[in-house]
Amino acid sequence: MAAATRELVRREVIPIEDEYDGDVEAAGGETLRRDLQAKAAAAGLLAPHGPVDCGGRGLGMVDRAPVFEEAGWALFGPMALNINAPDEGNIHLLDHVATASQRERFLRPLVAGETRSAFAMTEPAPGAGADPSMLLTRATKVDGGWLLNGHKWFITGADGAGFFIVMARTSGEPGGAGGAGGATMLLAPADAPGLEVVRHIGTVDRSMLGGHCEMRFTDVFVPDDDVLGGVDEGFRYAQVRLGPARMTHVMRWTGAARRAHEVAVRHVAGREAFGGRLADLGMMQQMIADNEIDLAATRALLLAACRELDDGGRASESTSIAKTFAAEALHRVVDRATQMCGGLGVSRDLPVARIAREIRPFRIYDGPSEVHRWSIARRAVRRLAGDAR
Amino acid sequence: MAAATRELVRREVIPIEDEYDGDVEAAGGETLRRDLQAKAAAAGLLAPHGPVDCGGRGLGMVDRAPVFEEAGWALFGPMALNINAPDEGNIHLLDHVATASQRERFLRPLVAGETRSAFAMTEPAPGAGADPSMLLTRATKVDGGWLLNGHKWFITGADGAGFFIVMARTSGEPGGAGGAGGATMLLAPADAPGLEVVRHIGTVDRSMLGGHCEMRFTDVFVPDDDVLGGVDEGFRYAQVRLGPARMTHVMRWTGAARRAHEVAVRHVAGREAFGGRLADLGMMQQMIADNEIDLAATRALLLAACRELDDGGRASESTSIAKTFAAEALHRVVDRATQMCGGLGVSRDLPVARIAREIRPFRIYDGPSEVHRWSIARRAVRRLAGDAR
Amino acid sequence: MAAATRELVRREVIPIEDEYDGDVEAAGGETLRRDLQAKAAAAGLLAPHGPVDCGGRGLGMVDRAPVFEEAGWALFGPMALNINAPDEGNIHLLDHVATASQRERFLRPLVAGETRSAFAMTEPAPGAGADPSMLLTRATKVDGGWLLNGHKWFITGADGAGFFIVMARTSGEPGGAGGAGGATMLLAPADAPGLEVVRHIGTVDRSMLGGHCEMRFTDVFVPDDDVLGGVDEGFRYAQVRLGPARMTHVMRWTGAARRAHEVAVRHVAGREAFGGRLADLGMMQQMIADNEIDLAATRALLLAACRELDDGGRASESTSIAKTFAAEALHRVVDRATQMCGGLGVSRDLPVARIAREIRPFRIYDGPSEVHRWSIARRAVRRLAGDAR
Amino acid sequence: MAAATRELVRREVIPIEDEYDGDVEAAGGETLRRDLQAKAAAAGLLAPHGPVDCGGRGLGMVDRAPVFEEAGWALFGPMALNINAPDEGNIHLLDHVATASQRERFLRPLVAGETRSAFAMTEPAPGAGADPSMLLTRATKVDGGWLLNGHKWFITGADGAGFFIVMARTSGEPGGAGGAGGATMLLAPADAPGLEVVRHIGTVDRSMLGGHCEMRFTDVFVPDDDVLGGVDEGFRYAQVRLGPARMTHVMRWTGAARRAHEVAVRHVAGREAFGGRLADLGMMQQMIADNEIDLAATRALLLAACRELDDGGRASESTSIAKTFAAEALHRVVDRATQMCGGLGVSRDLPVARIAREIRPFRIYDGPSEVHRWSIARRAVRRLAGDAR
């Protein structure tokens, strides 16, 4: 399936991405998504990770890695295969937690690409940013359901999403000791009264359909049937979603970084200066080798974590390590590729600058590197110093 | 003058930059330039580095450092003071080499901001990129002047420039041994027949008026009077221009990086998470301290090189070291600032993302770090191992 | 077997290492080796990688990784298990290439720990250092055998070795184009006339029995029966030895670096300063997390390469990448551990300083990182730019 | 004076250092010190920083920089000129604080090299390590003086020192809020009853006469006349000593790192491999250039701080920044030099390995980099975010 993905992406996706410099709205937005997904469906490549009963291909983590990497080789590739964040993680989450009815109403159309979704968790200060325990959005029990009130932002794909999985506090207080209890996931269709997409936050990346948005929930009524999983179980489900979602991010960005690297290697292999081919200069060789090493180490850590996930583990530590390493290593790869391409590396004439623009937030999204390091260190101290703090 | 610059920049320049996210064309382009320069002139701040007889303030390198840094604190600040590349370097060059008549016709209006200029040196492969000895553009002697033919790109500020300083081969062959001889600088007004600005190369930065352009010179006639300096002396003059131009780049970008740092420090000083203020977390403190160190080291190297230039030295080595260090250190500063600001660091809501976008090419423009390192190493081997290779 | 190794190492090896600060000669040298190996043999742990018919345990690469890591946790651990360089690699090589007679005379006693061996390849300038094509030592055909003449250095374990595998040029010229042909491996007992161990080169590491020595071969006669494998096949065999030998180095040093990390984590978990526990300071957490990441990435790359070797591949690229990454990552781990321990980190009171001393050469031995990067880059350019240079 | 120092060091000091691999005790210890200082005195180079009335040359900070760097080029060079830590800092401190009588009894013989001294501040946990507020050693007022009790370690030069400046708590409690008040400096001759040098802590460095020792003070009586400065003023005096002492460390280590760099450059300029001279390979050039940049930036930061000190400033921030940068940059320089020299870089055959061994603790001694960064960050937050925490 990787080979077929590679073929589809190069034939159908790259020309459009190149023409519009990776700006998904300029390239057609929702229309482009439907076009590309139709082509992927025709090639049997739509939703390779989706549950089989919903029309997906049911690939496990290890098996999806090469497919997702090939899709990610183009910025619009994951959208074409319907494996983009946040839908991809939402499919995983719904597959594990949704009721039969929710599965029909929400999961099946999502796998089929008939709609898009978003995951509404992050909040502006003083709410839940990197520290989820500070969750401020509240759902209050009312007759037959819940009333949802809150303020969210950086909600990826929100503009145009068909429905939202909203994380809301149903007990406890923000920043409370431990802070792990008390959140519930709620399903809210985009046209629910009181649900508002306020604005696109103008982020540096432009390839994500629906942008990263600011949202307000004002007395949004969510019927009991649309509670996703158990009440007060939200933080636990977020963990279920998190590990695989981190790893599929790594898969996709590995593809993008690899493209930048390949472009750069071909660039320096085709240029002469200082009496020889650029690719034969030692400083270029050092950058090429460092890219190869960073890509290999990223894949090795990714596969170790995917094996753990496929074996049924939570893999909190290994996915955290793999995500942190990958976000930094792939950024280095693209940065070196930029440098190798010289002036062209910061221009639209090559795809490298656009990949650099898109990949930068990966060190921040899905947990900034600093938060992952904090968590990795605490585990290590507990493990090595027999300490429960 | 630094304090007055600071005041002007904050009052007049920053609001416009913030509104238009540092996109100079969107913000008004040439109209904006004339507006801002009128305000700078009214404040006695126009062309602080320009020769006094042409209306400038005649500041030496050491004295201009704090002024340029304050101007660079805003992306449009250097344009406001008329100290932007490439005009700033061209003023320096013309001041040293122009004839009295050239001084009147080219230098005086440039200092006054009545026109802009560009420096046409870089060529697409297989011409002169990082290796100037590969210069392909030729000027051929004809009766009363020279015929100029060639292809240039990454010509900063070309679109809308009033005149060009063009580097052309007048003897020798590209890539020849040594390759240092044989180039001449020619002055060509923008409306010279055969001179064509082909396109803007779509680079990641957007704050530079006139963009980075591709140009063609087809039988452009340059009268003998418009030869700048001696025939075949072009490479030597380029060196005269280079040292100070590198250092003023460092001054301006130090200002921009400092702004990103200041914004980030204030951001983390105003946020709470994980049970305390972000600014009190050790990983944040490490980034803050590393930024302070990088800024201090950049300024220290800059001043050492400026002193050498003010003392009349060529300062090839010290400016090369300072430029290389600064381009990388300031990039690190802005990257850490991005990380410190989290999601806002990659958004338009803060100026950090835009500064990151603008500063990235500095490691490539004015000599990629790799070329500087090659040259620094060769000098060191010669000096330490008594070697003439 | 890893658990038993761990137990043996902690009970029998660590106390001696700690007492003598890892100086193998001070700790007893050859006597210590025989003592420790007797204990390992009693525990069924001797030569876990050795061929079963010679008394080893026949572990493949993936299976030996955790055992070797546990052995490497102590600096004298690999010697105790008889899995130290260069014997370990020589066992692998002899197992693949030795004749039945050579197997009895050389391999069997080596696996049993009855003797030690060395691999004599590296030469002082202008001979074969990082670039094997410059091999100067020659073997000249004479009646019934070969006459060996040459100068070697950095021959690990030479002093006290029972026999040597000597790499000598049997055709071609040093530095010749390609330079891959023309070397032969010869077996020479330590008491062969003309074979001389000139001196120990005083290297920073002190845990390797037999040191790193300078040697001279003067008309050393090697009978035809003691040619190891085919004439002129030496460079190919060196490759056979190389891949696994690199990986077992990584296994052992991973153990040593992990010990430094564990010591450091326990140190900062037990100290208070600046109003709290050191282990809870963000800068400490960053070092702890970076160590965890570096260790995880090292192991992931190692296992990927070991799988390839166990599957019968040459694994030149994956072992080169894993070795280069590991040598640098493990060095970083130990350096951070040093920093975490403060003054004690550079003292004999903790094992960290001694591990730092021993691990530093790993970035140089078995191919300096620079040579590996050169080779990794050349492969990448060939693969990605379709280039045969 | 720099040139004369250079000459003295190369002629008299280097041969001995090379012979004994920088081990000061092996090279003669106290006898060597007296020999070398006699030669320095004869050349008019003894105590160039000492006060003139005590026989020194009275050089300010900027002026001593090149002299100290030349002395530091050899590991025993600073001892030869009597500008080694801790005497050098003690001379500075006594010059500022000592009474006339103390000046005669302690300072004059110290400047003349008739005795050595030590500065007893650091304590084992849970006392004052990187955090001075945890000071546990106490001086209790008794009739006519003070009784000193406490436990110190890492007291540089203690073994053989003629007298000690001891930091002891005279009020307040360890770790108290702020914790800055309450310490006093006391002068104690080595033969004071109750003063005991317990042991040398076996640190990795071996060039420091008198080692780094553990000490105990048991009811040591210090007469009132031997209190250095005011009671409870000790922390303030420690700051007076600190700034210049940090900078002279940087000067000396810059010399040592430069020597490693010079040796490495000459090494690669004299070797051939891979078809050319090592010094012409790009990866070597990168290391050479990075060394030049790190050395230049170190010197630039050093001079900026020295100017501030010479102008009478406290220079807490600039010396902290310069020390932190220098300790890491010089370590990188020596590490790259090691790598450039290959196997010889980790051997006694070149001085590089020994310089690496000696310079490693500099990132820990005189405030670990982490503590400096913590302090730099806190200042920055205060300055930029108007914050008094």
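All chains are identified by letter, namely A, B, C and D, in their written order; residue positions are counted from 1 within each chain.
In the analysis below, a contact is a pair of C-beta atoms (placed from the backbone, for glycine too) under 8 Å apart; a residue touches a chain by one contact, two chains touch by 3 or more.
According to UniProt, the chain labels map to these proteins: A, B, C, D = Acyl-CoA dehydrogenase family protein.
Given the structure is predicted, the values throughout are model-derived calculations rather than measurements.
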Farthest-lying chain, centroid of Cα atoms versus that of chain C: B
Pair with more cross-chain C-beta pairs in contact, given B-C and C-D: C-D
Chain centre separation in whole Å, for chain C relative to chain A (CA means): 42
Length of the line joining the C-alpha centres of chain B and chain C, rounded to whole Å: 51
Between chain D and chain C, distance of the C-alpha-averaged centres to the nearest whole Å: 38
Overlap residues in chain C, where contacts from two or more other chains coincide: 270, 281-286, 370, 373-374
Interfacial residue positions of chain D with respect to chain C in the complex: 21, 122, 125-126, 129-131, 134, 153-154, 175, 201-205, 212, 270-275, 281, 283-284, 338-339, 342-343, 345-349, 353, 356-357, 360-361, 363-365, 368-370, 373-374
Residues on chain C engaged by chain B in the complex (per definition of touch): 281-286
Interfacial residue positions of chain A with respect to chain C in the complex: 261-262, 265-266, 268-270, 277, 279-280, 282, 284-286, 288-293, 296-297, 299-301, 303-304, 318, 321, 324-325, 370, 372-374, 376-381, 384-385, 387, 389
